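The two complexes that follow have chain A in common; it is paired with chain B in the first and with chain C in the second.
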Partner chain A sequence: MKRRLMDILACPICKSHPLELIVFTEKDEIDEGVLLCGRCGRWYPIIETIPRMLPDDLRDATEDRGFLEKWKPHLPEGVLKGGKPFSLE
Partner chain B sequence: MIASKSDLEIALERVGQFSNPKIRFEQYRLPAPQVAEILWYVGLRHGDIEGRVVADLGCGTGMFTIGAALMGAEMVVGIDLDTEAIMAARGAAGRLGVGGSTHFVEGDAGHPPARADVVIQNPPFGVRVREADRAFLRGALECAPTAYSLHKGGLKVRGFIASYAKELGGRIDEILPLKIKLPPTYQFHKKRFHAVDVDLYRIVRD
Partner chain C sequence: MREDSVRKAVRKSYGSIAKGKQSGCCSSSCCNTITPEEVSKKIGYSDEDVNSIPEGANLGLGCGNPVALASLKEGEVVLDLGSGAGFDSFLAARRVGPKGRVIGVDMTPEMLERARKNAKKGGFENVEFRLGEIENLPVADNSIDVVISNCVINLSPEKGRVFREAYRVLRPGGRIMVSDIVLLAPLPAFLKSTASLVACVGGAALKKEYLKAMEGAGFACIRELEESVYSIDSLIDLPEVKEAIGAGKVSIDQAKGYAKNVVSMKVMAIKQPSD
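And now, the complex of A and B:
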């Protein structure tokens, strides 16, 4: 994902814009990271440079929790404990 | 930037086919000549590409995404549920020299994750996925004030789209009728090619 995309990304559920970006790894593009919606508390992973911004019913709880485990030290407590649609609590 | 419709067509021929088409998404790659015709209409007749932010909902192999970037869109975002298709589209965009202005997001057309000036989309024709048309039209007008949407031809579809657009707070501004020759992507397509009447709708928010 290129940073410029932040100009137009919005939460697919509550429509809030802009979103907050946390970058974990970056080469030419942001490789892994997370997008946070400040309004509804949803988080969206960036995996292999692609932001994954699916509605709740199309997300995979196991994969999402695995992502949270993997990047635990880099994620805000709010996401780990109360992030939507899945958290580690 | 692309200077003629035939140059655009030649460039689009280099976008890959679906390597593993998924029937539930009704995936097939639109033929390059019709994509070029559509983008030329959108870009030159309506001035809706150059310098604009364009979103392609259900982008698949990225024909509209890459084509709009080749025609000078400021940025284009291709959105699709199929990550495999997105990866291929991203590769094609790079090969065609528009890696810088194209972006790809895994997302659902009914819940668009971006805002744009213009949407250009080719929703599934609804033969296998009921309600898909509705979700795409709703998503398109949520994403942008102007949307171009390709649908099956016929008066029944026109009536449906007119009333649904109104329900969404929009209206049909113009219809461009087209004929599309589809190669047999799926095994149940028996004929070598079959021609389909389609309409490109320009829908605007009121």
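And now, the complex of A and C:
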């Protein structure tokens, strides 16, 4: 994902814009990171450059929790403890 | 089928198509001997279009949206609903140039994986793909100049919602240009199975309901640009049609009659500037 696309990205559920971006790895574009919605508390992973912005029922809880585990040290506590739709609590 | 199972069936089937295990709508399944490139030329893309795109981006799945692509201007921001392996997104990217950009949304991870690889292969700097659902667009209000979609909305069990979302993200004065399968008359119940759904027939809405859904979302100046009949062979080749003919429930002539009511339509509309 390229940073300049942040001005178009919104939360698919509550439509809040802009979203907060945390970058974990970046080469010529953002490879892994997370997008946070300040309004509804949802988080969306960026995996292999693709932001995964699916509604809750199309998300995979196991995969999502795996992602949170993987990037635990880089994620805000709010996401780890109370992130929607999945957290590590 | 219920809405939820429709979505799951579509996601699963198009995931297999992306991996090359299955064919989809208007694709080579209909006409086993022709390639995706040939399908695309048949539905109105130029040789130049087809040859300019990285190999593997064109799965031959659309019903064709060359009119929409031709209308794009340099610098425009385009959203492609159901971008698949990226064929239309890449063509759009070429038209809008480096100052424009194209965002492709698709709910099938396997498709996006192909699209991402194709973007890299083709060196496209102005295309972005994201995993998302066209009923819940991950896109900000009033941020898009043109929404395009090629043979995808028929797959959605919530077409009204798709159009409301498209309307929301378009800037005032922006336009939607869609190519899709619609019905002129209702199809018999046996054509509502998963296979027909994936072939873009089972989920297709009546044309007047489709246009009404666009109007209901707020769109103005709804204009039909082109209409062509869906391939009769494609319809007769569907497993449930073959079965019905085999069992003597339906005659070949009856099946041909159904096909006449399945059309590929190109339609455009705008979001009023005063809105």
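One rule holds for everything that comes next: the second predicted complex is superposed on the first by the 89 of 89 C-alpha atoms of A that agree within 3 Å, B and C clash if a C-alpha of one lies under 4 Å from a C-alpha of the other, contacts with A are read in each partner's own complex, and residues count from 1 in each chain.
The rule is simple: a residue touches a chain if its C-beta (ideal position, glycine included) is under 8 Å from a C-beta of that chain, and two chains touch if they have at least 3 such contacts.
Note that this is a predicted model, so its numbers are computed, not measured.
Once both complexes are superposed on chain A, the partners chain B and chain C clash. When both complexes are overlaid on chain A, the residue A:Cys40 reaches neither chain B nor chain C.
Contacts of A:Met53 after superposition on the shared chain: both chain B and chain C are touched.
In the superposed model, A:Ile8 makes contact with both chain B and chain C. With both structures placed on the common chain, the touch criterion links A:Ala61 to neither chain B nor chain C.
Shared interface residues of chain A, touching chain B in one complex and chain C in the other, are 1-2, 5, 7-13, 15, 17, 44, 48, 50-55, 58. Note for the complex: chain A touches chain B at residues 1-2, 4-5, 7-13, 15, 17, 44, 48, 50-55, 58. Chain A makes touch with chain C in their complex at residues 1-2, 5, 7-13, 15, 17-18, 44, 48-55, 57-58.
For chain C in complex with chain A, the residues that touch the partner chain are 4, 7, 11, 77, 101, 103, 107, 109, 112-113, 116, 128-133, 135-141, 143-144, 168. Those residues of chain B that touch chain A in the complex are listed here as 53, 75, 77, 81, 83, 86-87, 100, 103-108, 110-116, 142.
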